[in-house]
Amino acid sequence: MLCVRPRGDEQVFKELKQEVCRANLELIDSQLVTLTWGNASGFDPRENLVVIKPSGMTYKEMKPEQMVVVDLNGSVIEGDLQPSSDTPTHIELYKSFEGINSVVHTHSDFASMFAQANKEIPCLGTTHADYFKGSVPITRKLSQDEVESNYEKNTGKAIVEAFENMDYWAVPAALVAGHGPFAWGKTPEEAVKVSKALEKIAKMAWGTLGLKPEQIPLPYYIIRKHYSRKHGPDAYYGQKKGEEHD
Amino acid sequence: MLCVRPRGDEQVFKELKQEVCRANLELIDSQLVTLTWGNASGFDPRENLVVIKPSGMTYKEMKPEQMVVVDLNGSVIEGDLQPSSDTPTHIELYKSFEGINSVVHTHSDFASMFAQANKEIPCLGTTHADYFKGSVPITRKLSQDEVESNYEKNTGKAIVEAFENMDYWAVPAALVAGHGPFAWGKTPEEAVKVSKALEKIAKMAWGTLGLKPEQIPLPYYIIRKHYSRKHGPDAYYGQKKGEEHD
Amino acid sequence: MLCVRPRGDEQVFKELKQEVCRANLELIDSQLVTLTWGNASGFDPRENLVVIKPSGMTYKEMKPEQMVVVDLNGSVIEGDLQPSSDTPTHIELYKSFEGINSVVHTHSDFASMFAQANKEIPCLGTTHADYFKGSVPITRKLSQDEVESNYEKNTGKAIVEAFENMDYWAVPAALVAGHGPFAWGKTPEEAVKVSKALEKIAKMAWGTLGLKPEQIPLPYYIIRKHYSRKHGPDAYYGQKKGEEHD
Amino acid sequence: MLCVRPRGDEQVFKELKQEVCRANLELIDSQLVTLTWGNASGFDPRENLVVIKPSGMTYKEMKPEQMVVVDLNGSVIEGDLQPSSDTPTHIELYKSFEGINSVVHTHSDFASMFAQANKEIPCLGTTHADYFKGSVPITRKLSQDEVESNYEKNTGKAIVEAFENMDYWAVPAALVAGHGPFAWGKTPEEAVKVSKALEKIAKMAWGTLGLKPEQIPLPYYIIRKHYSRKHGPDAYYGQKKGEEHD
């Protein structure tokens, strides 16, 4: 509970702020983010608080202590800077996708091309299936009303809506129509890794469709096989059973 | 007025020369410029003088004191080197677009592809709308006469013409047909940032049209929303109200 | 014979482990591998043992002594870590392609695009013919049964099947349908070089088909000429006769 | 005349060897060359001798003293290593294109795509016209006889043939059908610069045709204007009159 710790105590979230700052810097180092176009956040489920990048912050000057702490109503709890303008989108995801502790948003090139074309990313290969157990969905378009009031919150709601009949663990990312990708995970490090994989599989899908525009997705038995090699109780990829999510 | 300061005093423009030199170097570092294909200039509105890169200068040897100062007639006021051959284009923009203090020209890959295809860059996504409130226009083709006499000046006039019914603040860049992009801003740093954004949104648009050749632009209510998040009195992106232009 | 040396003696394979580790690191340095998507192995034909990268290992922490030694049944002979999940595929290749001493698997961008499109890479230019004496083949799709039991072994069998009527020395690589490329050679260094060449010729083929989708392969007399410049008894490229394979 | 200096005197060509070595290294640094796929040579018109990269030489180990000196019959005059297998192509160009003192051959990505598609590179923009006064031509295909005997020499002859009605100064490069680009200039430095420009304009043309497959070349009055800004007696680009060629 919030009352357990004094507000303004800068030490409490020190570790999460470091992870979130490192995640943001990793986005720029891996060229998923240009200029200031992206943001990573972390979630502390005990405190129900979000740690997020300040808005419009130049990456090379970013320090852990500048990360902003907000509650699930979007109120700033700690920090002198404005939080990312996309904060309400992150909050919607934390409220609806139980268990995720990090959200990463970028405008990475190829994922954004699919988003701008209003197309989901079909599962055309095993690289995709290693991370996403099916297509990466595209949100529905927002109405003028939804854009003009509470735009960022409605963006989050549209992402959640896209997962009405899907498992947000099995496909830990979505494309916002006309905008770009959001990804999530158990830690900032994991959400960044998903963002990197997403951009690469978007590039591969883009190039595959260039060679064969009518290419159909992999049969489900291959998708399931590859996904299960890396995730869940039967995983046998990596050094620990099911290390990616469990 | 020019008479206020002695001509040839190399210290007067020291700061602007440094900014212009830094902007030129930033163009090569961010791979917007290959070989010597680009130029950034700055404008001092009190003196009505332009500080610009020397023509054909190798970037790695460029120093602030080599920047050339010219007046709005194109006459060299200071400097031992020839100014960029595109200087008359820059001058036309300073004369017509009141308030801009920097112009940047590159042959960046994807923006040049649109220029060479004689196509404007449609606003296909929010990344675009964050910087440009609509399509980035393409100039009309120049006639043989316009090419054979005062080519660079006529290039500038064609850019200005493309903004006859458009706000050059809301769309701070243009593509010159068959040539490449020009961008502008309140400072060299801002004009470089616009050039970077332009190249990225050109790449995204290029790839989006590859996936869906008939893709239509975003609805205007989304363009306006995104543009207004970052620019003007209601801006709420970044740390200062409307920091991008105001 | 295995009985000649005591099991668990970490020094015996020291040199091969170094070569295999270096090959894996070279894959990440040359951007053929993203995250942990790839693996290189080496084969000791005297001992009939395979040295391979551990599964899911982060590249920047990889050390020669972590490479895993397995026999041709896939049993771990030396090493504390799990071998790459693709180990059974490597083993099938060592068992069937006599004389190869290294296998490299990546998910490199353009080779994977062809794999995902289920298309072989046609020989459209001399760069291709310098390394591959004809198309780089694509495997047939695996059945549900083949995927659900012994998937990785069946993947290896499908590669071998694709070479039923082809010389695996003349075309030292294959694309696994819906997955990505495998390449091989006499040494880890050579197999990495083939992987680099493969990605580049995949990129060139991809772009060539973009310009001219119906482009036909080179006439065989040019393929043979170029291939023979670099390989076999009449080679006259490089400093030693036939240095690439003989 | 050759008799003026004792054969085998390693100091005579010291400077040219340094320039040629530097040019070869610049090709790899600017990513025009992958692995060993390229070669730069220099020509000494007083001695009628060619200095060229050794065949198949790894770039990172290349030293000026390893450059090989050959005469116009292809006989090695100096050096312990085999000259590039493409030497006879370089020689044909030196014999026919009077005044060129350097030839550079690469397999750079986009120029090779046009070569593999058997398409010339049309002049679609001013970047192209700044370096090439019209299309970069593609050679005719060689017959089986021409490939099977004196292949590299016949490749050179085919390039020369493509310039029967063209000025090799005005368009200092050609694409060899199914192979890749050759470029030339007055110095190794200039030939490398042309190679860089060629790859960039090939990329821009490739992307332009992706946006608009039927795009037509620039009108000739613009090509002439841009070319003349940089080349010949009326040049006004750069710091010296006509610095690029004169």
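By letter and in written order, the chains are A, B, C and D; residue numbering begins at 1 in each of them.
Here, a contact is a pair of C-beta atoms (placed from the backbone, for glycine too) under 8 Å apart; a residue touches a chain by one contact, two chains touch by 3 or more.
Fair warning: this is a prediction, and the values are worked out from it, not measured in the lab.
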Interchain contact steps from chain B to chain C (minimum; 1 if touching): 2
Please name the chain that ends up farthest from chain B once chain centres are defined by their CA atoms averaged. C
Homomeric contact chain C-chain D: same or different residue positions, threshold half: different
Intercentroid distance (Cα basis), chain D paired with chain B, Å: 34
Provide the C-alpha centroid distance between chain A and chain D, rounded to the nearest whole angstrom. 48
Can you list every residue of chain D that touches 2 or more other chains, as numbers and ranges? 210
Mind listing each pair of touching chains for me? A-B, A-C, B-D, C-D
State the interface residues of chain B toward chain D in the complex, per the touch definition above. 34-35, 37, 54-57, 81-82, 85, 107, 109-110, 112-119, 141-142, 144, 147-148, 151, 178-180, 206, 209-210
Would you pull the chain D residues touching chain B in the complex into a rising list? 124-127, 130, 193, 196-197, 200, 203-205, 207-208, 210-212, 215, 218-219, 221-222, 225, 229, 236-239, 243
